[in-house]
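In what follows, chain A forms one complex with chain B and a second complex with chain C.
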Partner chain A sequence: MTLSYVPDGSPAHRLDPRSKLAVQVGFAAAAYAYTTPRGLAALTVVAVVCLRLAGGGPRSLWAYRFALPFLVAAPVVAGATLGAPWFRVDRAVETSLASYRVLLVFVVAAAYVRSTPVRDSRAAIQRTVPGRAGAFLGVGVALVFRFLPLLRRDLATAREAVAARGGDALPVRDRMRLVAVAGINRAFGRADRLGTALSARCFAWNPTLPPLAFGRVDALALGFGVGLAVVALATVV
Partner chain B sequence: MIRASGVTCRYGARAGDRSDGAAGGDAPPDGGSATGIVAVDDVTLSIPDGEFLVVAGPNGSGKTTLVRTFNGLVRPDVGCVSVNGRRVEADLVAARAAVGMVFQDPRDQLVSATVGGDVAFGPENLGLARPEIDRRVREALAAVNMTGREDARIDALSGGERERVAIAGALAMEPDHLVCDEPFTGLDEPARRSVLDRLRALHRAGTSVVVVTHDLRDVCALADRVVALSDGRVAVDAPPEVAVTRLPALGVRVPDRYRPKP
Partner chain C sequence: METRTDSVDLVGDEAATNLARAALFAALVGAFAYVSFPFPLSPAPVTLQVLGVFLAGVFLGPVWGGAALVLYLLAGALGAPVFSGGSAGLGELLGPTAGYLWSYPIAAAVVGAVVHRGATLRAVDTIGVPTLVAGMAAGVVVVYTLGVFGMMAVLGLTLGEAFLQGAAVFLPAEAAKVAVAVGIVRSDAIAAA
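So, the complex of A and B:
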């Protein structure tokens, strides 16, 4: 399962991307405001519902597996001390909650990515943020989503190529160096070719954007996103 | 019509820059120095509307570099290229809309996650109205036998389908000329047939087609003319039945019946 749009007819697919962005922003704000187990439990329900509404499931989170070791290791590192008592549970618990919060944000992000074509995201950003800043952000988002899966595939290919010639017997450090060097080389080559392709296809900063339109259901989603943001702000003020 | 007059392209001194695959991004920024490797050397060529031209030659002969000057992806150090009577550099967008290009590896060219999104990419960049974009996408997909596949994911397509989407992406710009760089590389026989059928149909419909290849077997029967490059220079410019007798010596594969007896 890749980190990309999946055509589907789910309720989330029918929403305007701007509504979905509002839900994402509101959710992230709430997740950072309510870090208690109870708050995170409630947000877990919200995150799972968001993912289900986008037609996703646990497999949709597979693309985030590379972040999981860091999220798991963070509480251990946070709890460890250099002297007695060697491990502080309170710090580990606090960091665990923070890690879990990040995981929840990933779940909602996965729902967004799964249900929103990249060009619609670009359109949403360019319509929300006016001027050159919006165009720059929109193009940035479009290129990241286009480029990231290719980069991951290049790294996987480099790793397989190393393994195919017995490289998997090398120390981890050497393997990492080989894969990183090959990956970076390919990334630069890929960027060059992508740039050429964009030129050949008359790349424009302000193209005709896909039509976006708010529907009735968008009012619910927008209200929910704004509500989450307001609730999060209430804890700060 | 595409007209190249005395076109010379040089690349930096590194040996690897010469290859067809790498060509395109390393032209000297100062417009060319006397040093560096000559990829295309004083080529003069005209491609009339409606012609099916094959640009042949071995790897590193300058084929890709030459065709990339047709839409300004590579700027000649010497000479000039014009499309429909206008210098390419005078209006790059017009040149790129008039000369559709299909890259050697379609994965380098496909920039969206879905087929429909990718085919619409070019017309959207031209700033066309949405109904016009939708019409072009529909017709381009129909031209490559992919009607109704707008929502298909690019990464789920086979090699042949990707090639056809790349062609559709170029066709959606409604170009006068379609340039396909090694369009059969890595394709199995059914996929080659499918792409070949599409090119034949497009040519019959009046689009001029330029195919870059080092293997003439697939396109010999379709070609009106063959231009073969060797070390960046035009070594052969002749109808296919004449050209095939001279191409094997340049390292270009030709149909078996034309192959010289050992």
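So, the complex of A and C:
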């Protein structure tokens, strides 16, 4: 199961995407500033509350399982030393805290992804980044969401076709080449048709965007995000 | 209800196609993240993401190739499941593999700049093998330098530890990907380039 938007009526779903992004940035800054057992304990509560407010639970975090080997291996690698005492607990503890901090940032990010539809993210980009750069990023991100499932299916089809013809026996390098060539040809084919279709439909730099508005709850969320960032900055200054 | 009377500012044909190609390449790099091959000597299965980064530089050039990978990162940060194993979210850009991810746009631009010797695109079939290998080797250096420094910063490891965990074990697989990329570019397999 991958992590994606889930329609719901949770409090986080009703927030403006920009205030949710502010909370994420503030949370990450605070997590990096307070990587102590006490600081991380407090932030754990905040992270769990964020995920609950988005209607998510432990299942939402399953998509991050691939980061776990890195996070678990790091303290072991950091603690191990060549020569006596072979394992330094202080180094391992320091790195464990760093690993745990990353996990918390993932939890808050999962709350955003679960509670924000693509259209809103796109509008948030185009209203935050001005001019053509914003339009490029907004349209491009929307197209990535649109075409990712198709290209995944193209690649899966190519792999099945290779396997069906006994390609499993080929060296890894040849299998990589066959799958990559099929993927690129499909992507270019789709891109060129899409480019023509966009031009034919008066693709413009200034389309009408869905409305975004800050509400009363957003003031709370924005204040919270900015507050976290300020607290984090306070340790640096 | 207010009425907007701005005139429509059309995107030119060439820019529209380039934008579509950049977006599709970003999606392709995301789709490559799901394709993993068990590789001898490597502790984790090898995905084709970095191959996508090299090829973005070669086929789209330094400017649009870099832009494609910026789109990839932004889409992932906003929730497209494009990072390894289908994960997404701003957290990945601050996680243990953050350095690798942030290096992708730079690496694509570097590969493109070396291979095309500047910002204007040359015909792909006129590029020699030594230039291709040099460009991608530069890309590998960018990806792993930033990746190792990212691990040091995020996980608090020393340079040696981060190099061991984050680069040494993956370099043989990268050499294979450079060979694959050169093979793809030198063959006539890509129709639309």
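In this text, the second predicted complex is superposed on the first by the 161 of 237 C-alpha atoms of A that agree within 3 Å, B and C clash if a C-alpha of one lies under 4 Å from a C-alpha of the other, contacts with A are read in each partner's own complex, and residues count from 1 in each chain.
In the analysis below, a contact is a pair of C-beta atoms (placed from the backbone, for glycine too) under 8 Å apart; a residue touches a chain by one contact, two chains touch by 3 or more.
Nothing here was measured: the structure is a model prediction, and the numbers come from that model.
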Of the two partner chains, chain B (first) and chain C (second), which one does A:F87 touch, if any: first, second, both, or neither?
neither
Who does A:R119 touch here: chain B (first), chain C (second), both, or neither?
first
Under the stated touch criterion, which partner chain does A:F214 make contact with: chain B (first), chain C (second), both, or neither?
neither
Just checking: does A:P7 make contact with chain B only, chain C only, both, or neither of them? Give me first, second, both or neither.
first
Would you mind checking which one, chain B or chain C, touches more residues on chain A?
C
Where chain A meets both chain C and chain B, residue numbers
2, 4-5, 118, 145-146, 150, 190, 192, 194-196, 198-199, 202-204, 206, 208
Note which residues of chain A are touching chain B in the complex, please.
2, 4-7, 117-119, 145-146, 149-150, 190, 192-204, 206-211
Interfacial residue positions of chain B with respect to chain A in the complex:
24-25, 71-73, 93, 96-97, 101, 103, 105, 107-114, 117, 120-130, 133, 151-153, 155, 169, 173
Would you mind writing out the residues of chain A in touch with chain C in their complex?
2-5, 21, 24-25, 28, 32, 63-67, 69-71, 73-74, 77-78, 94-95, 98-99, 102, 105-110, 112-113, 116, 118, 121, 125, 136-137, 139-141, 143-148, 150-152, 154-155, 159, 172-173, 175-177, 179-181, 183-185, 187-192, 194-196, 198-199, 202-206, 208
Under the touch definition given earlier, write down the residues of chain C that touch chain A in their complex.
4, 6, 8-11, 13, 16-28, 30-32, 34-35, 37-39, 44, 48, 51-52, 55, 59, 67, 70-72, 74-75, 78-82, 84-92, 94-97, 151, 154-158, 161, 164-165, 176-177, 179-180, 183-184, 187, 189-193
